[in-house]
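Structures given as structure tokens follow.
In what comes next, subunit A is part of two complexes: it sits with subunit B in the first one and with subunit C in the second one.
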Partner chain A sequence: MSTLEAAVLQADGDTYLLPERIADLTGLGEFGMGGELLAAFIAAFIVGNLMLAMTGVAGPWAKRKITAAFTDRIAVNRVGPFGLLIIVADAVRLLAKENIIPEDVDRPAYDLAPIVVAGSAMLGFAVIPMGSGVQLADPEVGLVYVFAVSGIASVGLVMAGYASSNKYSLLGGLRAVAQNIAYEIPLVVTGMSVVVFAGTLQLSEIVAIQAEPLIELGGFAIPAWYAFVNPFAFVLFLAANFAEIGRNPFDTPEAPTEIVAGYQTEYSSVYFVLIYLGEFLHIFLGGAIIATIFLGGPAGPGPAELGIVWFLVKIWAVFLLTQWLRSALPRVRIDQLIEIGWKGMLVLSFANLVLTAILVGVIVA
Partner chain B sequence: MNEWIAIGALAFVGLLIPLGMMAVSYLLRPSVPETSKRATYESGEVPTGGTRIRFNIQYYMVALLFVVFDIETVLLFPWAVIYRPALESGQVTLLEALGPMLLFVAILLVGLAWAWRNGAVQWAKSPHRVDSQAEVDRP
Partner chain C sequence: MSTDLTTTADQIDEDGLEALIGDRALTRDDHKNAPGFVIRPDEVQSVLFDLRDQAGFDHLSCVTAQQYDDRYESIYHLKTYDDPTREVSVVVPTPVDEPVSQTAEPVFRSADWAERENFDLVGIQYEDHPDMRRILLPETWQGHPLGLDYDQDKPQVVKFAQHANPLEADQHDTESDTMFLNIGPHHPATHGVLHVKAVLDGETVVDVEPDIGYLHRCEEQMCEQGTYRHQIMPYPDRWDYVSAGILNEWAYARAAEDLADLEVPEYAQVIRTMSAELCRIAAHMLALGTFALDVYGDFTAIFQYAFRDREVVQDILEDLTGQRLMFNYFRLGGVVWDLPEPREEFFEKTRDFLDELPAKVAEYDDLLTGNEIFQLRCVGTGILEPEVAKQYGCTGPTARGSGIDVDLRRDDPYGYYEHLEWDVITEDGCDNYSRVLVRMQEVEQSAKIIEQCIDLLEEWPEDEREIQSNVPRTLKPPADTETYKAVEAAKGELGIYIRADGTDKPGRFKIRSPCFHNLSALPEMVEGEYIPDLIASLGSLDIVLGEVDR
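Now for the complex of A and B:
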């Protein structure tokens, strides 16, 4: 594909995806199927490692710094500037730990669980439009795909909880699946209310629709981000998302004061790193979904090339919010959590969907 | 280019990164096996009894209700996608587009109300806790 064709494609509103861009830049597209596969692999490798780098910064460094700031401490500051080299030190330290495997574990499941948790978290990023042309794929079922793959992690958590042969792990795994299931439906139904507005599941389309101005206030146009169009849905989605990724105040599956560390109690060394990595990837995936369907995706002031900067700012803002809640809110009890989910959020999310549908119907008709 | 190739590539990378980390860790880490080290953690005590026991897994909440509502969301998504375009085309009235969906949701909400009344959407309490609760309730 020549540059001209690419420009035409873009003008058509069809997105110019990262694998195609790499194929054009490197000339890999001329090598047929093999070249395309290689270009797709390079693109996937870039996106995967971008997310890995972000969790690397978030896990050992940002989380400590943020919590320390909330509790009036300094945290890591000895290794490198602002203590940033702690990321390298921690990575080496954790990977070099002895991997202790308890006696009674259910072997294939115990080893597969960390891979499932970490690998499935990465899958969701394939369809997220990150701005500046960083998007791996843009299928028409984008939003459903994201919800589908982000649910796979529950399987990994149950595997980890059951296979560990530890009572705390079993309780943690059970709590994790009960929680994920209870909040998955409010999450998806609230996401659906955005689809009712947008009339499409394709994420690039949902982002494009949000670029239109909602109202003009003194020469300053407020974009039609769905967080502004439907703030009720935004709040519901945020709450359901925090429960889905198991962050405070909904972190009952790994509540340290109740069940030690839940499903990850018996994991050490690289397995622990992988489960931890999967959790952070899930926080960022949740942030990416929120940014895409409620906060205009990569939209922001300045030229369109800055898109990825704004996108990263938005998902880091969601990450900061999770850490803020971690410092500020007490944990809910498991029975309260379940009741909030099934009796509160579920009913509210259906009310939101029905009201949104009526509203859209009245506006359009 | 088919987009699903790129998604498959990311799945491959998502598998490759954990396996790579496990390989690096395998090269770096020591291995000093010892029996007492391999005991499961039970707050520092010697573990008592097995873990694979009969256990209340909150069947209605974890399995049954979820399946019902998840299938509902799957069936609602096509409606959500075509709802606005259908109204904008002017070929259907608001009632025709909205009515069936409202009925569908209403039927499932009746189901939820039934489950609610039967206590299926409640985290089952242990017998001990129910007893102590009853004592509190007694005047």
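Now for the complex of A and C:
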């Protein structure tokens, strides 16, 4: 029985966080505050790079392959096995490009925007319990924190749109704000219905509660994932999430055929990569939130050590869904989008919250 | 004014017309396709008003302009939507030293752009025209290229300061709440190099003005420099270049065959009909795919599926003509060669395509027209009322989507269409959705036509397969024969006006482009709508800039 196994087991029952574990394993914990800080950095580095690696695979390769499969094509297959090395080629290509900064842009807002967009998504991953003991922090207000930091992205999009000194960018930025305001509320309110069930905002707790069996079907227990407990909330959350991250059919802020590329029209080279990266990180963060509060987080068959695998599978499933929608659904018009948000989603999400509250109240009573 | 004229509009014959125009007609100048009346430049509007309101000529098909040694001449080719074979030409000569003629714009909105083009290329001024600017060439162009005194070798020297500053109008107007936006010429959804000057109020389109001419390639002049027999035929392929080549070739073939009185053997007519309909399917597939692209916003499944299916048609056309886009398959008096050997293989391939088509169309119905979001986007947007469409000279699927029952294949029969079973598709929605439905159903009708053609070709006795009639090596139609003939191309009425000058090259070659006139109706469709609807409406018009700008 190694310390690692013990740590894993401990992490499953209790919140034994990744920084602490690294501190214990490396002995950094003995150096006091500085050592713990270093351990925390190492842990953040690991998680951050895991996510970046995922976007690296998703952006240049998986997205192409998936779309190609939907649209009767082959996509990248020349560079490396299954075209995988295109990731390297694309990285070099994108970074080697000239970073063109138009004359009239409003600096430093123009330069900050890509960092804000990508950074806000990265921050969200700090509190997500990814299973196998991978969780950086577990504050009691975990869910609120995730919504809060991912909402910062809107600021980045407005900055990008406004600072670019381009009318298409401006239109895209304005659309992004209008859309995020309209869909953030249903998103959070629907998230609240889960909190009503779970009685906690702490993400590790929410995950733990979902592990309990909902019903037994012939010796096979269906876990109490909130997607099963309240499918309506799940669908609402999924839809609001797609709008929040600006994916089809709600990709109006970019709307390539209408407003060229929206807020990212003027960005090139590294800045473009950062914004693009930010978008994928947001898709994955959205997937992570959905997995955590609706799909039981890292839960899945097999030993608990496989937690992170199941977690990633769930995130990628959400990503796959975004690509599927992208290949199959038209984009709604901006006024229709706002209408759906304010007149449909908002009402439904509040109805869902009230019903959930009543239901939980009755059961508890 | 012959106000006592009591004949009903659709009963008027040539004598009636003569009576209607009365002594405003200086003389007659009949064309091969229609009676022509020569009138004074200051009576254009009164004659056209009478012809429109009292004789029912509601379609200003084309406005040709040309310069002779002693005069300029504008020709208004009028038709009726109900019966395109009822035609009349109004010829307006103007003196060389003062080429000013009254505008026809108050009578037909389609004269707006047409007269601007004539001013631009030939140099005739139209009095009281609301917007007498150049349309195809840049504002700074010197001279009028199709005028007789134009010096082609003189370099166009334009000072930098003379250029209109494209950014000037870009500055914010502090007085108003609107925003000026240049959509194009480099924009993902303008289907080529189109520049739309848009004024926006928030997301709402207040005003749009299409700015064309970026793809002007002097097609008319090039055709005037080629010989009838062989040198002109390759050009039509390059007008509407998205695989509608054979339909365009037919426009030239029909006009030239009418001009030179050439017969086309029946066997060749069947092949022509079949190949033209294959082209129509390819063109409509592309229209469908790109429209889906405009509405869906990404290269989605529909776009790729449309291309996949178009690819099959292209393969068949490649087998037939040896080319995939620039077919050059027609010849005056027939086609260049017979079906590829072994014929059975060609028939089988084509039949396979036709057999698979219904399933594919059903797939499009599922993915596209049956999709709720798609309907949300397209139903009731980009409204083009039939009266407006007629005013702007809209034809083809654009007109049929507005419920105008017009199709030259049926109304002004050519080729082998009149012997075949097929229907003209119309939809009454007048919106983007209707135009898509029309195109999708036309694909099915084209398939029906092709199937019948294949049946005919299969049965055709081997010794009667005459692909070309006997056409002289050098064609020299008699001087001053003029004709205007149109065919139903993928986008609408593609007409060619040719005036022979006694040589083996045309004296004047004028192309009536359906896209040009359809596009001119864009402002009517989108003002007051949202930007996404502007893009969708533009897509639903299915323009090809190669044909708009020529």
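Everything that follows uses one rule, which is that the second predicted complex is superposed on the first by the 351 of 365 C-alpha atoms of A that agree within 3 Å, B and C clash if a C-alpha of one lies under 4 Å from a C-alpha of the other, contacts with A are read in each partner's own complex, and residues count from 1 in each chain.
As a convention for this text, a residue touches a chain if its C-beta (ideal position, glycine included) is under 8 Å from a C-beta of that chain, and two chains touch if they have at least 3 such contacts.
Remember, predicted model here, so these are calculated numbers, not experimental data.
Trainee: Does the superposition put A:L329 against subunit B (first), subunit C (second), both, or neither?
Mentor: It touches subunit C, and subunit B stays clear.
Trainee: What is the contact status of A:D251 with respect to subunit B (first) and subunit C (second): first, second, both, or neither?
Mentor: A:D251 sits against subunit C, while subunit B stays out of touch.
Trainee: Quick one: name whichever of subunit B and subunit C touches more residues of subunit A.
Mentor: B
Trainee: So in the superposed three-chain picture, is A:D72 touching just subunit B, just subunit C, both, or none of them (first/second/both/neither)?
Mentor: The second partner, subunit C, only.
Trainee: Determine, under the contact definition given at the top, whether A:K167 touches first (subunit B), second (subunit C), both, or neither.
Mentor: In the superposition, A:K167 touches subunit B and subunit C alike.
Trainee: After the superposition on A, what does A:I259 contact: first (subunit B), second (subunit C), both or neither?
Mentor: Only subunit C; A:I259 stays clear of subunit B.
Trainee: Kindly list the residues of subunit A that each of subunit B and subunit C touches, one partner per complex.
Mentor: Shared contact residues on subunit A: 167-168, 260, 334-335.
Trainee: Under the definition above, what is the set of subunit A residues touching subunit B in their complex?
Mentor: Answer in residue numbers: 17-20, 23, 36-37, 39-41, 43-45, 47-49, 52, 92, 95-104, 114-115, 118-123, 125-127, 136-139, 144-145, 164-170, 174, 177-178, 181-182, 184-185, 188-189, 192-193, 195-201, 260, 265-266, 269-270, 273-274, 334-335, 338-339, 342-343, 346-347, 350, 353-354, 357-358, 360-362, 364-365.
Trainee: Residue numbers of subunit A touching subunit C in their complex, please.
Mentor: Touching subunit C from subunit A are residues 67, 70-73, 167-168, 171, 248-249, 251, 255-260, 326-336.
Trainee: Quick one: which bits of subunit B touch subunit A in the complex? Just the residue numbers, please.
Mentor: Where subunit B meets subunit A, its residues are 1, 3-15, 17-19, 21-22, 24-26, 28-32, 37-43, 50-52, 55, 57-58, 61-62, 65-66, 69-70, 73, 76-77, 80-85, 87-88, 93-94, 97-98, 101-102, 105, 109, 112, 116, 121-123, 125.
Trainee: Give every residue of subunit C touching subunit A within the complex, in rising order.
Mentor: The contact residues of subunit C facing subunit A are 179, 181, 187-189, 203, 292-301, 303-305, 308, 367, 371, 373-374, 376-377, 530-533, 535.
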